[in-house]
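Some structures to go through are shown next.
Two complexes come next, and they have one chain in common, subunit A, joined by subunit B in the first and subunit C in the second.
Showing the complex of A and B:
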């Protein structure tokens, strides 16, 4: 089985089976445009820890990547999150954010939707103040911007 | 993996990623999201303006969140539907004595809706009827607005001088008025709208006013009206009837562009039907007849694509006339008939007529007759490539009678 080498941002080379990483639209596109088998694909935006995690996800779902389009994949995930996925995605917020970023960069729609839905679940029903705490954001809105519908100070 | 190894902060995610999070959230969460920080506010605004929240409906229970949402997205709203009674009820419920202040705030938002293209207002119950009028006044400054629909019984008669309120809407293309409006005011209002393409008047209008309105609206393509009966008709043996001859004449001779016409009163005079048939540009027609022979004239409308016809107060079987009409108007693709005396196997007969025509689009036929159970049973024998046949359902029936028959 064909093997591919991926170079991560922290200079780790990860070998993986070719068909496993084909869930990534970005890598699929890169491989179509290059010739040699021994080439190393550089992924400057992806840390090895995240890539390992993504490969773990791809391994579990490898036989589900039939010829579905990106839109269909996106729709598939809108339903219920499976117990395995739920366990897989049970990570802290900053890892989740990184997974979103990388899934988007690698163009893995199903993983992106899974991560986004999980992030949404973590902030759903929260006030803006709570959201800031969860997401580690500073409030840079002025009072009048924040209080659009509150009574204007007379 | 330790959290501090991560190099991506949520504020580094692009619009696409954050929009994918937004789409899994409810409206209240959207509001909290938008109030988190500048960046999220901007992402929310871009997303809301291109996909979400450009069509706003304020009806039934309007929550504080709805008002808050409106204050966030108002600049991008394209269509707005407001039940003014519900609006005032909700403002009262949420803000009590301060409701007037918040109504003024709401009006300010209307002025800021520079993308607004369509505004629909309902107001039936408010005792003090200035609210809808205020909203209309505010909308008068919106230059993008093309469509205005007002449904408010008895409202205009009490407020007076609504034409002054409607006059700023010079750019309007679509106007629907379900209000009691004096002839003078209607004339004045429409006079200031030279781009009017669609005009729908639900309340009765007198013939000479409508004639003036038609003269002032050279772009008119769709017209729907309900004529007042002539005031001087003797009321001894017969109810006074509306006469649309003058209107039809002016439509036939001055309006080559008229595509759609809905005449809401009942036509019984054969001459009126003849005149109606001379408006040769018509593609869509809705009409009500109380004289079977009137239908015969419609065969002259060769461009006709959609026809909704109601036969009232007649006892004749009209099958032959309908079949002739279907055979002659070859562009017809939708036909709705309300006729209690329609024959049992009418749909099968229509199907036979259509089989003889080549290169013709299939006809959608909807019937409301007296013996509806028998009519339905015949539908199995019909070739659906020529004819899509159904009985009129409750919704169609309501549409059919959604006028003062």
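Showing the complex of A and C:
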């Protein structure tokens, strides 16, 4: 069984099975362009804690990757989140945002979909003020801009 | 042909044409490449002071998974989010998610009318696209679709004040359009051709009406600015009938002095049981001493429909 070494941003080398990380389009592309077998793949945007979590997710879904095409993954926009995934993604907002960033960087569409949908569900039905609190964002809209926005979106 | 080749050819042509005439200073105009793909982060707009430290792409990806109900509140979070929900790519994505079956980009959706098909959304500006997508939701997005299918009965017109009435003749058919309103303490103005009708509605008590209650609440909490949609609270009653029925003079000419509201509606089967009659009772609230009552009778109507202000067909009839 082929093994690959991944170097995270906090200088931790994580060894994992090659098949497992093939869900990442980015790493797949990197490996295709690499010739050496014993190379370490640097992931400067990924912390080891997040990578471990992603590998945990990949381990659970490893047999599903082969069956689904990219189109099917894209279609699963309004899909239902499974109980395992729901439990897996039950993290605080900053971790969730980091997961989205890393899933986007590593090009793991299903994980990106899961994390984004969870974030969207977290803010669903909330007021703008509540959304700002959840996402930790400051309001930089002026009163007139806000009024125009409300008027236009009616 | 590349941009540089384009510029070089332009300069060459200018010089060739002006040869021997005078010295010409040529400044090639840089053409913007309209077809270039804009990265998601650029589309997301300017940066905001975000403590989580997320990149624009993260918010953009979340925005792309929003439900239609959350779009407005999401857009009001900050400028960056406002720009996201005011982009073509956002509304195209909304259309693809909810209005195209199985994510296909070529398929026709038979639930949608011709003017809301994918082809119609291609060459329009953002506001038109947003309007088209919103309208398409009423056909494809279940919560709105159910709302539309629910329909509205004549009871929904009760206690609403009469604003105006238009009658249009089509071959073998008259379309009568009543404009009714439930807005209170507001001066509402509707233009009907060149005639401007002003309506003041101070003394009417509307009960069992969530829209009016919502308006009251909004007015009390935000006294300085009215966020209402300009047509909010307006309802149209469309009646299709074969014969012309003149509007009572009291309704036609007493609009400045009187405030007629719908007191009762009746939908009755004809004696031959082949058609229906429709009757509308209006009562004048301004004459408190002797309440003036007017009844309009439409016999053997073809069809009637009650259209609230948010209905996709509302704009077709509201002038």
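The working rule: the second predicted complex is superposed on the first by the 145 of 154 C-alpha atoms of A that agree within 3 Å, B and C clash if a C-alpha of one lies under 4 Å from a C-alpha of the other, contacts with A are read in each partner's own complex, and residues count from 1 in each chain.
We take it that contacts are C-beta pairs under 8 Å (C-beta built on N, C-alpha and C of every residue); 3 or more make two chains touch, one makes a residue touch a chain.
What you see is a predicted model; the values in this text were computed from it and never measured.
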Fit-or-clash call for subunit B and subunit C when the two complexes are aligned on subunit A: clash
Subunit B versus subunit C as contact partner of A:92, first or second or both or neither: first
Which of subunit B and subunit C A:47 touches, first, second, both or neither: first
First, second, both or neither for A:137, with subunit B first and subunit C second: both
First, second, both or neither for A:81, with subunit B first and subunit C second: neither
Touching partner for A:22 - first (subunit B), second (subunit C), both, neither: neither
First (subunit B), second (subunit C), both or neither touched by A:124: both
Subunit B versus subunit C as contact partner of A:112, first or second or both or neither: both
Where subunit A meets both subunit C and subunit B, residue numbers: 93-94, 97, 100-101, 104, 112-113, 116-117, 119-120, 123-128, 131-132, 135-141, 145-146, 149, 151-152
Touch list for subunit C against partner subunit A, complex: 48-52, 54-55, 57-59, 61-62, 64-67, 69-79, 81-82, 85, 97, 102-103, 127, 225, 227-229, 232
Parts of subunit A lying in touch with subunit C, wherever the complex brings them together: 71, 74-75, 77-78, 93-94, 97, 100-101, 104, 112-113, 116-117, 119-120, 123-128, 131-132, 135-141, 143, 145-147, 149-154
For the subunit A and subunit B complex, residues of the former touching the latter: 47, 49, 53, 92-95, 97-98, 100-101, 104, 112-113, 116-117, 119-121, 123-128, 130-132, 135-141, 145-146, 148-149, 151-152
Complex interface listing, subunit B residues touching subunit A: 1, 3-14, 16-17, 20-26, 28-29, 31-33, 35-38, 40-41, 64, 67-68, 71-72, 98, 101, 105
